[in-house]
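Dropping a structure here in structure tokens format, bear with me for questions.
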């Protein structure tokens, strides 16, 4: 396993309002850069994998800053194009208990990434040293450019035997009225996918599956095997998340593979930084598959990784595998010294 | 309803110790400006009302800074006098769980506001474009100057048919031994008030009512109608608050009007910034009355507004009405994007 | 003179890298909002004028934040439209001595302002309570939408006898190849202008005037009267700026009016925040005209205001007229206490 | 009781990563200085005791900074030596809920303190104005130099009738394989101690006691009297701590003296800054003994002091005795104003 | 010389606007504490002298914070009274080049210090271990209370043979119309003084001396000996300061003693923090006298100390004597490593 | 030129006191990482060269943080060993005008780097893909371990035809009494060097050359050719630096190659961040050589790069080659937009 894990995806500038203030109250912003691909590769890099992000960054000082940030996360940058002037941005205002966090996007469609077209990427060269490649469903929705590139690249990857990983990450708001295109796009991607992240909600709302089950876990047990079978997906994983009071969540991970379900321990925990939590879980599964951990270890590792991602500043999960294993093995932390 | 809501009240400089430190541990302070009137008008402005604060600010750089701050909150400033050199100040040290927050006042009695006298304010001009005017009981206690102006202005407002709103805000420490003057002052104000914020405690401790009821809600049901009747108050509102462990409160709002009680949902939530929570509730009621919301909607809106004020940085509530309604309608927030 | 000074112009988010770092070195940004119109009105408001900005801000949290910021500057906001999702932005990296400051623009053309069209603005209502209106040449260049609105609004203003002020603010980069359109647009604006800010460079590079003079002051004396005459402009003002070593400038202001030149004292000073310096000068001239200062006082006041703007944090000049006069009268400041 | 409480111990530079970030995510550190002796004396000083720290600080700017910091905490510094170039340091990364805090030590063994030898300290002079002296078990482990000085100084103190206080503070990691030396060192110290801080775990793991009891409180009741008797210790105190979810602890203090156990109220609370919590408790006991509080008051005061230390920024407890008593007497704090 | 240097004087809270902003632009303040006495004793402590400040601080959290700050500066605090609720405060806005710094005082007259009366201070006990005592002329002006205490304490000190040091520090604004009382108060203090800080301006404006000399140095040579003789002052020292452009000063110190003048080197330097510069010079003279440096060394040391104070953050000079001597001996610094 | 530029050298943690404060005044530190090799490779990477640092970083969180920092600078990290617990550190206090900056080193000799020995580095593998390798004379002085590794690695590199670059960087303090070893070590290194950075001072003080010339440029012209000849060095470069008042320097670069001298323009500029300025110059020369710029261009580029490094925050030069060329071509910068 000497080749790289790659991801195709958008890099966004995150402008975070510090001190739990609202945007209208602040004169200072914390700048970082993230994105689904960024987050997944950051975690995989921390676990020792060679990584590379396939994206386009602006060819100006903003691009320099984002590139340096990705480098600081340990992400390989040889597949990054530089072009255009803009980057997608979002403002993040942290909520508190009953007050929700708010994300305001700006500047996304004109970003260097969403202006880049399929032919801008040298796919053959990019896939040459690649073992596994990650895509995110958000990219299907935001622009036709990114949708086209995702589908082409996934197809090329599949043909070359590169393991295709797809995170559904379905955001209703982004698809609005054209649910139909969504269904079609997702079906194409699922047919190309070896590993997929989704829940029973995706099966129902995007793909149109139905179930008589009421309890979430039963719905999952009923629907996920059907999806796996219909689309020929090797492994499907996801989390069963329950929001409690006071920013707490109860969460349990599942992995369905070879016609069997594996479940993680069930955790209750408080959230520090919600964004990127799902990417923490996804990268845990990907690492387990690459390392050929046992299925049980894989789902435990992934769930613990996901939880650490929720309790860590920033979108990108930066815990080491040693720290993830420590949480798997010990539910009861005090200071480490 | 094209006229303005106004409030008469003190503006104080809030010097907040960041990072949950104690004053003795810090070399940095966060400066903002607040006050009951400031807070109430901020919220009302965010809900779309035209507002104006009646106060006196120092005629120097400190006054400039406070004025600019009020402007940033969207408060109308045409009724603000500039005079003198001083402003009331308080240092705020945040507590944590069992460690209480501490407020240390300084410089209050010599402030431009408390040095200003009744004749300094052009009452006739001020009341000309006014629909509703808000007063706070703290102003009765701190100086004779502010007490006299409150009583005169309330009387003038009443005469002109401006709706008089009075928040008892009784602080025992400020009245110390002269409870008698307190009772007398409050009685005068209640007789002038159309809308009043108070609880059963105020009825008992200031006004001397008694009840055999033990449970708080029963005490409220017993005493508030008596107060409303005796003083001829149109609407009385307040909250039933229970402090739980770990900075959590359980809270329920009530509104008594036209001889009927209306109660909000009961919420449990954690507090981020305690000061100004009551003003969030009060401005919610005032907005409901101005908008002629149904009574039920009014108390729901006010309680949700109060909770958002407790979970927002700073004394002054800055949530929009859209955000308040979102909390009324949905108990279960995740990120909004 | 009870009416307002207004300005039509773009509001941009300024993301300033603190601590003289480069963007690639920072994780923190200072956020403020500015623009030529914002800057000019801020200064005029500080001198006691009623002001109002005519612009479009996004209808989301970013718009809220910018609106609150404008309010904190004391700018009247009743002519501000709310629409769209985007705001123009620029990143500002401070230079040091031989290392130049760098401004990187992003997101400008899709901004709510540049997407707004002439018919969006209720011109008749806007001009009703207006004495003087300010336009900036940058708006001619960035989008056809803003160019069209500028020309229409200036025409309407001229017709109603509102004093039209135009700051050429010619930025070669923005016009690139279509110099021709530039010349035409500027000529139209100059014909509508009563007061204009420009230098001999503008006369030569935009309007195509020629001179045999070599020294700058002689060129100004030769060309500016020709421009004033040809376009029927009442007053033309500008600065003669010389960059010295170590971030120092030598500067002298001129005002040409009624066929006479008036010059300010010549100052040498170091720059703290370069952006908005010219707007400090312009608003000084405008204030002098409104106050009917003597011509000599007007140019002295304007030049001192401009210098204070260069030595003050942020784009928007916030010195009081008292502070400007203090500099006019005293070249030798120590601590004021 | 006109003499001083002294403590012999290391001063370390604490480099705290702000904002709950990990070290790899930060470009900023908060610097303070602490240590068991520092913490204990800080609290005792806040309660009105004269204190003095016996230690060695580097003879350079780092030493100046640490000295100034100790002075700001109100600690007497006349027994501080200045020598060498280095100070022990630790980086503190705050955890969040299931993610543990991490302490990374560096530079400790070459510190001025651990390079100082017994003969460097003028013991006779130091003990002259001393009533009570505090030692910490960590100093036995980190270097032979500090171990030797502790044992010599404790012996000298005992001979002169100075009350010897010893906090076991056993850290397994520091002793690693040579458990044997640990046992021997601790036994020597216990024989010299009048007051000792320990739990049942120390009795079992260091001293080798055994018990059939299973519940912690029963183990304490069984073992602590044996230790007191065997080593002739006047008073032994400690806490029974239970870690709950979400950074909460349940805690109860005990004091065994004159063959009797005294227990504090049982508290549940959330932790803000874990380090130094035990020192808050220890200094509470020491203060109760010096003030000859009743035993019941002593343990209540100490436990409340310990809890405030856990909820206060920084290692060193800075609550006043008034604040500690307020917590003893009132379990239900709101804002103090 | 085993006794202490003491100073009687006010402690003020300095609220500094960071980042060269104006108060109206900031939401953050840097808090420190200073005062003439504080500054002088800080420097003397850094040079190895035992010091103690005679003052009154409020008996609340503000007092705690100020006390801790003084301790961090190494100032002896045994003569500090705690009483009242208020402390004098000033806001400091840094200027830049032609824009002057601005100091806005508030809350001064009601401060615990200015409310304290002569009989509050146990003068006999205070003077017991005192060699030298420092007074500042500002205290004569601000309140009658402080004036009375200064005169009484200076008289008592003189009687006991304690060396009385008086810094004229004449601030015209503070005396306004009652120049007469100023003259009388200063005359009394000068008669009690052994060492005095003043310039030719003080001789002329306060004491009414006249001279035909025009050049400043000549005026000093003419007037200072007269003052020394008339009031029987042992040593008089001061600086000849010339403000240049761009925040630069040219400065030269003088010391007149035993009928002879000693002058320092002449320095040109840029100012970083203007306040407290004079106190740096004064404490240098005081240290030279205590150490019995040669007169030449004394004035050189004092002038270098004053310059370092001007180039150091904060009011209180914190350079070590080693650093002062380094500047005396070397005009050309690079990095010290 | 597809191979890499490498550097062997120490990485240190830089703890910078913000706001021009002294260490004793701060509670906050800015953390970054630097070193001669780090600085040189950062600049070369910014100019488009592939780089790799040969060093040892601690195998703990401190090592993680330093590694991520190097990655953010764009430095290749495949030759970095992870071992041990410590890293060298320095505290940097910025001076101001006549007050010098102060660097306080700590923890250096026990650092992972200085504990690593020659055999720890896989030299053959490291040199395989290397074109040019950089060494710094400081490493010869600090520990025998680093000296031995430098000499071995330089020898190996020379044998393989890798271009050896050596920066004398002679620091007298580090060598103290054993000047003899210094001379011997430097002579060995010079014999192995192809490119060397030094001045006439190094020739005289380390190597013992003498000259009758008095003016610096003449000394350089006399001595540098002798050194080049004796040690067979291809190119020798350095700067002639003159410290002026107010943190200004006058500087001129020289390059001696093929028996000819090339001089840069002479610049006067003010310094923002002194450390790493020399490395900016050195990397400019190295880039010129790799790019086969003309000799004249090389020295101009290097000198401009050096100046930008002096005016940029942090030790590591981060200007792009475009920015360097802009300075070469234009002495008169304003804002770039």
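As written, the chains take the letters A, B, C, D, E and F, and residue 1 is the first residue of each chain.
Here, a contact is a pair of C-beta atoms (placed from the backbone, for glycine too) under 8 Å apart; a residue touches a chain by one contact, two chains touch by 3 or more.
Everything numeric here is computed off the predicted structure, so don't read it as measured data.
Which chains does chain B share as contact partners with chain F?
A, C, D, E
Report back the single chain whose CA centre is most distant from the CA centre of chain A.
That would be chain E.
Quick one: which chain's Cα centre is the longest way from chain F's?
When every chain centre is compared against chain F, the largest gap points to B.
Where the centres are mean C-alpha positions, what is the separation of chain A from chain F, in Å?
Computed from C-alpha means, the inter-chain centre distance equals 41 Å.
From the mean C-alpha coordinate of chain B to that of chain D, what's the distance rounded to whole Å?
45
Could you list the positions in chain A whose residues touch two or more of the other chains?
Those would be 22, 24, 27, 64, 68, 102, 104-105.
Touching chain A in the complex: which residues of chain C?
15, 22-24, 26-32, 58, 60-62, 64-65, 68, 85-87, 89, 91, 93, 102, 104-107, 110
Provide the residue numbers of chain C that touch chain F in the complex, in ascending order.
For chain C paired with chain F, touching residues are 19-22, 24-25, 90, 95-105, 171, 173, 243, 245-246, 274-275.
Quick check on the complex: what are the chain F residues that touch chain A?
So the residues of chain F in touch with chain A come to 64, 67-69, 71-74, 320.
Please give the residue numbers of chain D that touch chain B in the complex, ascending.
18, 248, 267-270, 272, 307-308, 311-314, 318-319, 323, 326-327, 331-337
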